[in-house]
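Dumping the structure here so I can ask a few things about it.
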Amino acid sequence: MRRELPLAICFIMGLIMTVQFFVPHHYSQWLFDNMLKWLIIVLTFAMILGIGNLVKLHLQKVQHRRRDWLYSIVALFGVTASLVTGFGWGIEADSPFMVLYNYVQIPMQATMFSLLAFYIASAAFRTFRARTVEATLLLVAAVIVMLGRVPLEGIVGRWLPDLAEWILDYPNMAAKRGIMIGIGLGAISTALKIILGIERSWLGGGD
Amino acid sequence: MHISTDIWIWIAAILTLCIYSFLYKDNPFYKFAEHLLVGVSAGYFFVIYFWNLVVPNLLTPLKTGFGTLFSGGGFTGDLAALVPGILGLIILTRLIPKIAWMSRWAIGFYFGAFQGIIITGYMQAYILAQIYGTFMKGADPVFSIAYFGNFFGDPSWGKVLLAVSGPLMIVGVICTLTYFFFSTEHKGFVGGVAKIGIVFLMIGFGASFGYTVMARVSLLIGRLQFLLRDWLGIIS
Amino acid sequence: MNLYEKFLHIDRRYIFIFVALGVIIPLIWPLGLAVTTSPPVENVYKAIEELEPGTPVLVSVDYDPSTQPELSPMTVAVLRHCFYRDLPVIITVLHPGGPGLALEISDRISKEMGATYGEDYVFLGYKVGGSAVILSMGQDFQVSFPADYFNTPIDDIPLMKNVRNYNDVGLVITMSGSTYPEVWVAYAHERYGQKIAAGVTAVMAADYYPFLQTGQLVGLIGGLKGAAEYEKLIERPDDGLKGMDAQTIVHLFVVLMILLGNLAFFFVKRAKKREAA
Amino acid sequence: MRIASLVCAFLVLAAAPALAAAEKAGAAVVAGDVPNDAGGAIDVTWQPSPAEEEIGFKGYEVQRRVAGEPEFATVAESVVGETTFRDEDAENGVAYEYQVRVLGAEGAPTVLGTAEAKASGQWFNTARSNALAGVLFTSFVIIFFILRARGGAELFVRKIAGLEAVEEAIGRATEMGKPILFVSGLADASEISTIAAMTILAKVARKTAEYETPLIVPCYDPIVMMVEKEMVRQAYAEMGKPDAFDEDSVFFVTQSQFGYVAAVDGIMLREKPATNFYMGAFYAESLILAETGAATGAIQIAGTDRVTQLPFFITACDYTLMGEELYAATAYLGRDPLFLGSLKGQDWSKAAIILALIVGTVFLIISTDLGLWFAKLFETAAS
């Protein structure tokens, strides 16, 4: 019951969803469409556990006055604000929830994202050194593509962007394809091991 | 210069600066923004999933389904929503240590279903489509003797590229795949082929890196436009 | 530690400052670097140029604020182009994060261009469903959009009186940072033969080149560079071209840093070899 | 074994000419069930009418009626530039009669022809027979080698630098008395890379349990958190250190991509882990994490199957497991013969694919048509 049943459920579901792929009939389509929704609903229930975990950790920090406990109050305030506005007034376009989203969450997320512009520059400087043949290849390809994407045609001519495009379309694509085929095989192999119950560490411990 | 008078623009601008302060070093402003972002966003996704998924796909169908059932209409497809409902509740058994093991049933269901989708999906997108793509570019083969014929008939840079690019692609895929052999030592012939594979990998990684720089800069442009235009009104 | 070594271990915060300045300066004082146009973008421009005045164009704002820096400039440029050419614009949104952006842009550009709501453009708002919405518009706009964003029944909107389904739409342009163009192609193009053009982020552009080869997309605007090209075509410089200045500067800066880094690295290595010898 | 895929693909190719033949037979209008679908749709195609060339041609009109009923109803009008129509509104099993009319410049429309068809849903998608052949082939090979490994066959695997470094990196953290940070990607448990990351975590946790090195596992997905917590608990129990397991070491952060990154960046600067693991699915944030980690001086070991993010990990981390190596890591770290067997199976599948690529190339050299025919065996249908 405790270990065999989940393994059996996993096996059966894996088999059903594999077979489903080959069956265009509408029962099969119905199952697929609904399955995706169901799985996200299951995830939503799990989020109760996730948020519960987050709240518990921060409450503990506040309670025991651990390091940075003041900021934990901020986090708790944030969760509360989202939940209260979201369930209290709904998620219509101008609701308080969406205002919170548009003016608090979005700006911070976008700013975090934009840190990449700085890091990509510092990473390129720090790591693009011609230490070995391989590193040199990487660095030369990167520089060509970078220059190829800058509007310099007037100065150096069309050949640079064309070369950049060619590198992206052929050597780069070849490497990507090789990696992807390997990934495909590795993924199928891992999924197979899970369905067959060979890989079962997800069950965790206990009996 | 027209500084914004909208309180929300000010909040957004200040939070933006708090995050940027991290570039200098960790500091109380960043810590504040970080904790606020974590809290708000954790709640956000729960609320969004609830309204956009749980309500239309769980609560509404259950309501209609049971409504029909109790008014004598018999069982309808709406009651299929019981499946995720029950699985969801089973997940929550994790909260009760005594029966926490039951949550594995739901996890088994969740994992199993996705593995089935993965096996077929990866076969299609990662294996077949990539093999097909190695041979084909659009509706034409990447490689044909005729391309060489064209080149020798009327030599030009474009034609030599067209002729050799295809074979290069095929060789690249084979060499890269060879690099990923686990059960043979990278020595001798296999080692040589794998080395060429590494050459392709490195050129590919470099090219992708260079290709991405542009997109990342545009994100920064977006944020700075917000600060300089919407908030400070320095630019129009 | 000599100068070269110091340079190799330079505090990365100096690099950050240069990157920030490289973006801020051209935003305030645009340099106006030259941009050459490319066929995918020209084809979008041509597709709009070829439409008879009065033929509606559907612009679908299928992105959210995370990709807004790249996609809004091209949306703005396309809207301006349509208004120049007296092509009525129908705006839809398939991405839940899009309505606010679409509203802001359509408001701003219509005011600037003197376009009248209901006659020169209409904003139908967001509808959940993606592919189902695209399919339903092939039958009748009424199915998914019985009323516009402001709850006016579309029967009462002058522009929509002559528009029943895709047959009455000259071109669909989807602006997206994800896979919406594929969905548009699969449903509106494959099933109803609707002409589709797409505006996507620079990173996504490579994924959509094959669609151009097969003719499933009539044209493609990729990233800020694409927006800049479009602004050049309609001769109305704006955020795209300004952004290109900034991008060019940062690109050149990064390349310069890589070159200097390697030069310094080379000298340090040579010095070490000499010491060892 | 490729023969199986050839045979399946042959069936597909054999079916295609049959359909084409029906169109060529000369009927002005042809109607037929849409193949490989769930039903409810019929394709109507017709021969172009000479009227198309005339000035004032208004298009074609497609009409439909249930066979035997008196009246036709229009289902498509003013079709221009195309000679096909897909009726998406057909009921399965009902015989429909279609009539295509030409709307000329003036006068009444002229009937081009009629045709009858029924819609039905299929039980097997023939367009996916190559995928079926592929799945059967790879599964067979992988299971075959797993069974052989179970039989006790010795299996060799080559070294992977990133995995050799795992032990060393944990040891270093222990010596320095600093924690280890394990990030298992920013995807949910539906991603195979997340699962691979979780199994790697289980192995890493056994080592941290052994050395009693603190472990920090911030989670992006609540289900991943649940499962990882149990895995780590189990690892500590197996190493005989159940009390060393800290319940709060595996915790949920947020499902917001950059919210999560903000928090992990903060952890890196405040807890100063000596070793950072980034395993699983990563998106744009890969470089933010790796650069922040590099600035703190941590040893960084990454592994992902996101091809677009590999360049960033390769440049900014000390070791990177590329693509398939990430999945292989469990086999390496655990040395379980069954897992090693599956690696062997993957290798043989790879060899088969290389063979297919070579065969295709040879065919392309012999004749472009032959090569195209071979390439088409791998073509995938969109939906």
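Here the chain labels run A, B, C and D in written order, and each chain numbers its own residues starting at 1.
Note that in this section a contact is a pair of C-beta atoms (placed from the backbone, for glycine too) under 8 Å apart; a residue touches a chain by one contact, two chains touch by 3 or more.
As the structure is a computational prediction, the values presented were derived from the model and not from experiment.
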Per-chain Cα centre nearest the global Cα centre, belonging to chain: B
Most extensive contact between chains (C-beta pair count): A-B
Farthest chain relative to subunit C (centres taken as mean CA coordinates): D
Where subunit A and subunit B are represented by their mean Cα positions, the distance between them in whole Å: 5
Mean-CA-position distance for subunit D and subunit C (Å): 27
Length of the line joining the C-alpha centres of subunit A and subunit C, rounded to whole Å: 23
Centre-of-Cα separation between subunit D and subunit A, whole angstrom: 15
In subunit B, residues with contacts to at least two other chains: 19, 22-23, 31, 33-34, 37-42, 44-45, 91, 94, 107, 110-111, 114, 117-120, 122-123, 125, 127, 131, 134, 170, 173-174, 177, 180, 201, 204-206, 208-209, 211-214, 217, 219-220, 222-223
Shared interface positions of subunit D, touching two or more other chains: 128, 131, 135, 138-139, 190, 192, 195, 223, 226-227, 252-256, 258-259, 262, 270, 307-308, 310-312, 314-315, 322-324, 328, 343, 346, 350, 353
Shared-contact residues (touching 2 or more other chains) in subunit C: 12, 16, 19-20, 23, 203, 206, 225, 247, 250-251, 254
Touch-based graph of the chains, sorted into line, ring, star, complete or other: complete
Of subunit D, residues touching subunit C in the complex: 78, 81-82, 86, 88, 295, 308, 382-383
Subunit D residues touching subunit A - in the complex, by the definition given at the top: 36-40, 121-125, 128, 131-132, 135, 138-139, 142-143, 146, 188, 190, 192, 195-196, 198-199, 202, 219, 221-223, 225-227, 229-231, 233-234, 237-238, 248, 251-259, 261-262, 270, 284, 287-288, 290-292, 294, 305, 307, 310-312, 314-316, 322-324, 326-328, 330, 338-339, 342-343, 345-346, 349-350, 353
Subunit D residues touching subunit B - in the complex, by the definition given at the top: 128, 130-131, 134-135, 138-139, 155-158, 160, 189-190, 192, 195, 223, 226-227, 252-256, 258-260, 262-263, 265-266, 269-270, 307-308, 310-312, 314-315, 322-325, 328, 343-344, 346-347, 350, 353-354, 356-358, 360-361, 364-365, 368, 371-372, 374-376, 378-380
Subunit D-touching residues of subunit C, taken from the complex the two chains share: 12, 135, 167, 186, 191, 193, 203
In the complex with subunit A, residue positions of subunit B that touch it: 8-9, 11-13, 15-16, 18-20, 22-23, 31-51, 53-54, 57-58, 80, 83-85, 87-89, 91-92, 94-95, 101, 104-123, 125-127, 130-131, 133-134, 161, 165, 168-177, 179-180, 197-214, 216-217, 219-220, 222-223, 226
